[in-house]
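The same chain A turns up in both complexes below, where it pairs with chain B and then with chain C.
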Partner chain A sequence: MSKSLMGKYLFVLMLALFLVLAACGGDDEGAEDPSDDGSEGTEETEEQKEEEEEEAVDPEDQIYDIDDFSTAVSNDGDPIDGGSLNYGLVSDTVFEGTLNFNFYGGTPDFEILQWIDEALLSMDENYTYTQDGAATFEADQENNSITFTIRDDVQWHDGEELTAEDWVFSYEVIADPEYTGVRYGTAGFTLIEGIEQYREGETDSIPGIEIHDEKSFTINYERLTPSLLTGGVWTYALPKHIFGDIPVAEMEESDAVRQEPIGIGPFMVDSIVPGESVSLVKNENYWRGEPNLDEVTVRVINPSVVVQELETGGVDLVSSFPVDQYPENSQMENVEFLGQIDMAYTYIGFKLGDWDEEASKVNYMPDEMKMGDVELRRAMWYAVDNDTVGERFYNGLRWAGTTLIAPSHPDYHDDSIEVPTFEPEEAERILDEAGYEDVTGDGFRETPDGEELVINFASMSGGDVAEPIANYYVQSWQNVGLNVQLLDGRLHEFNSFYDRVGNGGNDDPDVDIYMGAWSVGSDVDPSGLYGSNAMFNFPRYESEENDRLLEEGISEEAFDVEYRQEVYSEWQEFMVEEIPVFPTLYRSELRPANLRVTNYNIEQGSGVYLHELGVTQEEPVVAE
Partner chain B sequence: MWKFIVRRLIITMPQLILLSLIVFILASMMPGDALTGQIDPNISSEAIEEQREKLGWNNPWYVQYSDWVVGVAQGDFGQSYRFKMPVTDLIWDRMINTFWLSLISVFFIYALGIPMGIISGRWNDKLVDQIITGYTYLGFATPIFIFALVTLWVFGFHLGWFPTGGSVAPGLESGSMEYILSKIHHLLLPGLSIALIGLVGTVQYLRSEIVDTKQKDFIITARAKGAPEQRVYNRHIFRNSVLPIAAFFGYEITMLISGSIFVEQIYSYPGMGALFLESIVLRDYSVVTALVLLFGLAAILGALLSDIILSIVDPRIRIK
Partner chain C sequence: MSNKQTEQELEHKVDEVEVEKSPSGLTIFWKEILKDKLAFISLMFLVLTSLGVFGISLILDQEEIIRVDLFALHEPPSIEFWLGTDYGGRDIFGQLIIGTRNSLAIGFLVTLLSGFIGIVFGVVSGYFGGHVDNVMMRILDFFMVLPNIMIIIVFVTIVPSYNVWSFSLVMTAFLWMGIARLIRSRALQEKELDYVQASRTLGSSHMKIIFTQVLPNITSLIVVTMTLNLAANIGIESGLSFLGFGFPESTPSLGTLLSYATNPTTLEHRWWIWVPAAVLILILMLAVRNVGEALKRAADARQRRA
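Take a look at the complex of A and B:
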């Protein structure tokens, strides 16, 4: 018996060892990489030197700087004729398959759409429309109108000409009361003259839109705002010859959206495996020129296997890459990591009121809220060390934010503004001066009136670092004597977090401060987030100066970019003084590309388009 | 027996109604809906509110429930907000995928589990039994999501024998030979991952039954009569030991449609399990309620099927 037992143990041990060894395999490779790189590196000598110096540092402890990343691939070889490319759509859900810009809702669908359709107006690096797209525009400030002209050679995938009517048709569909998507309601629609009449069914077409001929039309607006030219104008057409006969309410579920989607982009849909993959072939008649690639396959891959897919060459490009996986994979030898500043920021918000459902605006009441004192808020900004958070938790790929316009909008982000940085002494001094003192001797400060001050901090769950980061902030504030506690003692799931913070208008009075994040749109105008009648103004902050600045930013004078910059600089500075929220971290976005990929640039307005994208060899480069 | 089946089916109805009621109430208590995720400054909150009103999501839950019941009575489970398509069509697509995956895993479970159980029962306490039992202990202890990741890494990425995600290679013509082969190729690894963990129960049940039956009087009688060992095992022992396995069979059928959440997620396989999880996370309630109802129905029918199978294989059991 004892012998057989022994055998059993041995076997279990062996199997366990097998599993452990198999699991270690991945790490081993990672550890070997640096030395490989040193002997192979033929790129730039400077970089190589740097790498050698850093070899002693564990890549997982290294601090990276987004400025060191390029936005374009360094492979400048000539693309081979034909060739096919695999694009990994990184998502833990399937794609919904609503493959039309006018109806889609989820990001996965967008990732597919960008291959098959495109906006008729191009954007530059500041997300302003340019004249380089499939259509051009002319704004007439006297008459508050914009005239659009479509280029002659733009065709739908089925060979039909793209006409002005197609573009106007998308306006008519989105503004239709039967329309089932969420695109209506932005300035690009609501400002059109007579659009309300159309919505109420009084007219068959939108009175403010005049079609001149096959290729041009004019939209008359009630007033012009610069937002229209930074993403406000709806720039996606809808083929009338296909959708014209379908009732608006049934369009999004029609085959023309789900099975045979159509666009004007460089690639056409060949076949769709619902939820999994889309095979695309080149559109030879693409107006910018024939694409280099013959085929593109877009395939959903789970975020947990994205590294393996890249290493084995299963995908050449991916839609996103989890930044927290970068440090241990920074030495992956068959891909090049591109990076840029992400259009997003993380922030701490202070609840200063609630939502007035009836008036549909914020109800700012600082005197009744715990966080109503701006000195308290300022002290809390001084008390936290955001740069360290970025370095410790994100290896420098996130860094301390300064103002509420992220540097992803380089022309509008004002980096000259001085903002509080980590100075706990300063925080304590401000609190002392403002009268927040510890009178009861329990180690925590009381309010100037001598009442106990417990601040409830709501933070979202998700990701490995969510909890340590939340705890770090709580501790930092406790270090300066503020009794901050996690709301309910735990983190909150996305939906319930935003529910309690105020999405939907039922602000939970228990929430005093919260940590959220915004990804910002192409238009720099922040009134959708901080305007006094914006539901997403979760801090519920309002002031005349704020309203004035936000209004100026989208006024007619703001068509002058310099003027607009001044206004938004002033607004950023004003927000640093008032602190309804303060940005904690700016973020970066990383995109790995297989070494065979050429003509690829992730920067907005780079002038490198998808039809130029190519590969320099038939097979993807595979990691050894 | 027909009486029994009909009676069971009649009891099923109130069970399902209760289930749907509970699901509906729980869903209404869950924070957020399918539009909550649209926290995007590019979308106006009025547009979202308008959609909510239009879709009836602002109604109290009992109004939504009665609307839903009326629809279900007519075979209409509503519209998936996320996929913008009828729930029935959506579930049907996914069910086919899950059906094939489950079929292949059930096949592997029995094709591997039964021989392993017989071997380890027949030669119990021999080395071969110890290896198999050792494996089953390990199988019990290994969570499926770890095991699936390990198999994916080893056989999918490292050795490259199997595709690493999806249910079929992109770009193949549906129905062609290539398409079918690609489907099978995609099924093998996830199917095996489920089976290699899933078979441990079968093996252990079968083993202990065989060990137990081996010592029964009628086996000794059979041996005394001079029946060859092979015959003793195949005819006398096996047939008596397979009972608990047969009882389980009905429940395995349930798995055919409910799928495996973990494996489907890891292999990006669009089946019912993955659909269920995504629909909860993204608050696509019409899909969630339809799925819960379907899973409930499957569980109840599976139990019924088990009872029926049991009464067929074991004449001693009479259903009254």
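Take a look at the complex of A and C:
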């Protein structure tokens, strides 16, 4: 008995040992690959250079710069005829299958929709409408109206001509009180003349919209704002010959949305496996020209298998790639990594008030809040080293933020503005001057009134390095003598985090500061996040100057881009002075592409369209 | 002469009687463990590990260990960091020591607390029987049908801040039922025995009979069950921490170290973060189980080896 028992133990130990060895083996491989990689234009800090003398650069220590990434694939070969391509829709869950721009809700559905339908107006790199799309427009500032004209050769997938009526029909459906989607509510609808009459059922059509002929119509607005021309106008038509007979409330559930979606895009739906994949075939009558690819398959893949799918050529393109997996996979042989600055930033916010439910606006009360003193906030900005956080945790693929308009809006991001950087001595000096001194001798500063100052920091869990980053910030503030504690001593789950921070209007008074992130829209106007009426204004900050600048940014004068730039520069600078929040990290977005893919550019307004997308060989390139 | 011999014989006989006195429960346990090499080694390992981690963690600075160091992320094992560092640049060896201490402390605490509640509940219920037993067992049934892991998770999420004590109490609240049932069934048998009847006839109070007469007679069962429970409780704590419902990462435990392995890169390339914790859990569990099995045999005369 004893002997056989020993045998069992030996077996278990061997198993354990085997695991250890396997893990070691894997590690060596990982370290070898990039040994001779110095040519990618990577920047390395002094410290790393010292390390380098001893051993080859570990992929984890490599620092990358998003500017070194191209947005277009380098493969410039001629696409073969009749190729087919696999597109990986990276998602934890199945896609919903609401396949119409007028009704969809989630990003996964959008990833499918972009192949089969398209906006009638194109956008340039600043997300401003251009005249290159399926329709053109003319804004008449005197009469506050915009006239749209659709090109002659634009057809629906079923061969019907796209008419002005189809486009207007989408307005009528979305503005209908029975409409089930989430599109109504933006300035593009609410500013239309007489839209309220239509919603109340007084008129059958929207009074502010005049149809001139088959292909053109005019929308009269109460006033024009620059936001209208940077994403405000609704640019997705709805085929009236199909949806005309369906009651508005039932449209979202109809077959024309779920099973036989239709659009004007370069590809048509061939078959749908609900929640899993969609097969597309080319639309030969696409108005820009016949697509190069015969077939495209859009398939849901789980984020944890993205790397394997790419390596084996299972997918040629993916909808997103987790940045933290990049360093280990930067040398993947069969894939080219494209990258650009993401339209998002991470920030630290200071609670300066709460939400006034009745007035539906923020209740700014700096004198009553712990973080009310701007000097304290400034010192906290000086105390943290965002550059190092970006380098060490994200290998430079996230980097220190400066202003509240991210560089993803190159026209409006003002990088000449001086912002606090990591200077703990400066932070201590500011705190000393502002009267935050340690009078009790416990190692932490008290308020100028001599009261104990404990700052509760709320941060989100999820994301791989959320925890060490949150603790790093806490440490940095403790280093300059501020007693910052994690709220409840731990991180909070996404939904409960935003509930406590104020999503819903019930701000938790225990939260003093928090770390959140915003994904920003195509329109640069930040009033949805920082306006005094915005629920998303979580710091609950309000000032006349802020309101004035935000208002001016969307005024009629702001149609002049230079004027708008000035206004937003001023606003960015003002926010750096006031610091209701400060950006910590800007982010980048990575999109790997199989080496056989050609004519692919991820940049907004690049002028490379999906019908040009092609492959240069029959089979995907596979990693050795 | 003959007298003397008789005296000697008598002495000799007295000696013999003394020698034949039935050995105490603890002696039997000890003998059984000495006899079973594996159990002995396991016990030594357990004692040394416990003493080691509690001792070393006294001199370790926990603040320093959980300090995020941006310039030492994912360091492989070296002289400075014996077992490397994790993704926050924190020393794995220190975390392993403190984590083992926390996991063991919770394991012991939960076992003792749940054992205490379970034993008292079970022995009282079994001893009195009848309606008392009926009512108490229905209460127990109620606790048994609750999905206890789910409830522990909910509790842990609601309790604003928790430490070793509050975490142990929450776990205890849902882990005492098994042992209570076991003790109750044994107490049911025990109370029918003559010595209980005799004691009762002599006028001893119920309290006295339960705690000074019945309880000592079922000690062996208690020791065995609690030892085996210890392994289970350490496992439950590690499991909860692994799922993210145990301690926050700033309070290391074996489970949190193990949960780093959910990241594919860590699993594949950074073995030093999770392998030591995994191996330690494995060995700890086996050791506790070995000791428990030996005790179990000792408690049952038919299975004894010694």
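One rule holds for everything that comes next: the second predicted complex is superposed on the first by the 569 of 624 C-alpha atoms of A that agree within 3 Å, B and C clash if a C-alpha of one lies under 4 Å from a C-alpha of the other, contacts with A are read in each partner's own complex, and residues count from 1 in each chain.
Criterion: a residue touches a chain if its C-beta (ideal position, glycine included) is under 8 Å from a C-beta of that chain, and two chains touch if they have at least 3 such contacts.
Remember, it's a predicted structure, so these values are computed and weren't measured experimentally.
In the superposition on chain A, A:Glu328 makes contact with chain C only, while chain B stays out of contact range.
Once the two complexes are laid over each other on the shared chain, residue contacts for A:Glu309 go to chain B alone; chain C is not touched.
When the shared chain is aligned, chain C comes close enough to touch A:Gln475, but chain B does not.
Counted by residues of chain A touched, the larger count belongs to B, out of chain B and chain C.
Within the superposed three-chain model, A:Thr180 lies in touch with chain B and out of touch with chain C [touch as defined at top]. Once both structures are placed on chain A, chain A residues 12, 16, 19, 23, 26, 304 are touched by chain B and, in the other complex, by chain C.
On the side of chain A, the complex with chain B involves touching residues 4, 7-8, 11-12, 15-16, 19, 22-23, 25-26, 92-94, 96-98, 103, 105-106, 180, 182-186, 231, 252-253, 258, 270-271, 273-279, 295, 297, 299-302, 304-305, 308-309, 311-312, 314, 493-496, 498-500, 503-504, 518-523, 526, 528-529, 534-536.
Of all residues in chain B, only 30-32, 35-48, 50-51, 82-86, 93, 125, 127, 130-131, 133-135, 137-138, 142, 149-150, 152-154, 156-158, 160, 164-168, 170-174, 265-268, 270, 274-275, 278, 281-283 touch chain A in the complex they form. In the complex of the two chains, the chain A residues touching chain C come out as 2, 5-6, 9, 12, 16, 19-20, 23-24, 26-27, 30, 47, 60, 304, 307, 324-325, 328, 385, 388-389, 392-393, 461, 464-465, 467-468, 471-472, 475, 486, 488-491.
Within the complex formed with chain A, the residues of chain C that make contact are 37-38, 66-68, 70-71, 73-74, 76, 86-90, 160-161, 244, 248-250, 263-265, 267-271, 275, 278-279, 282, 286.
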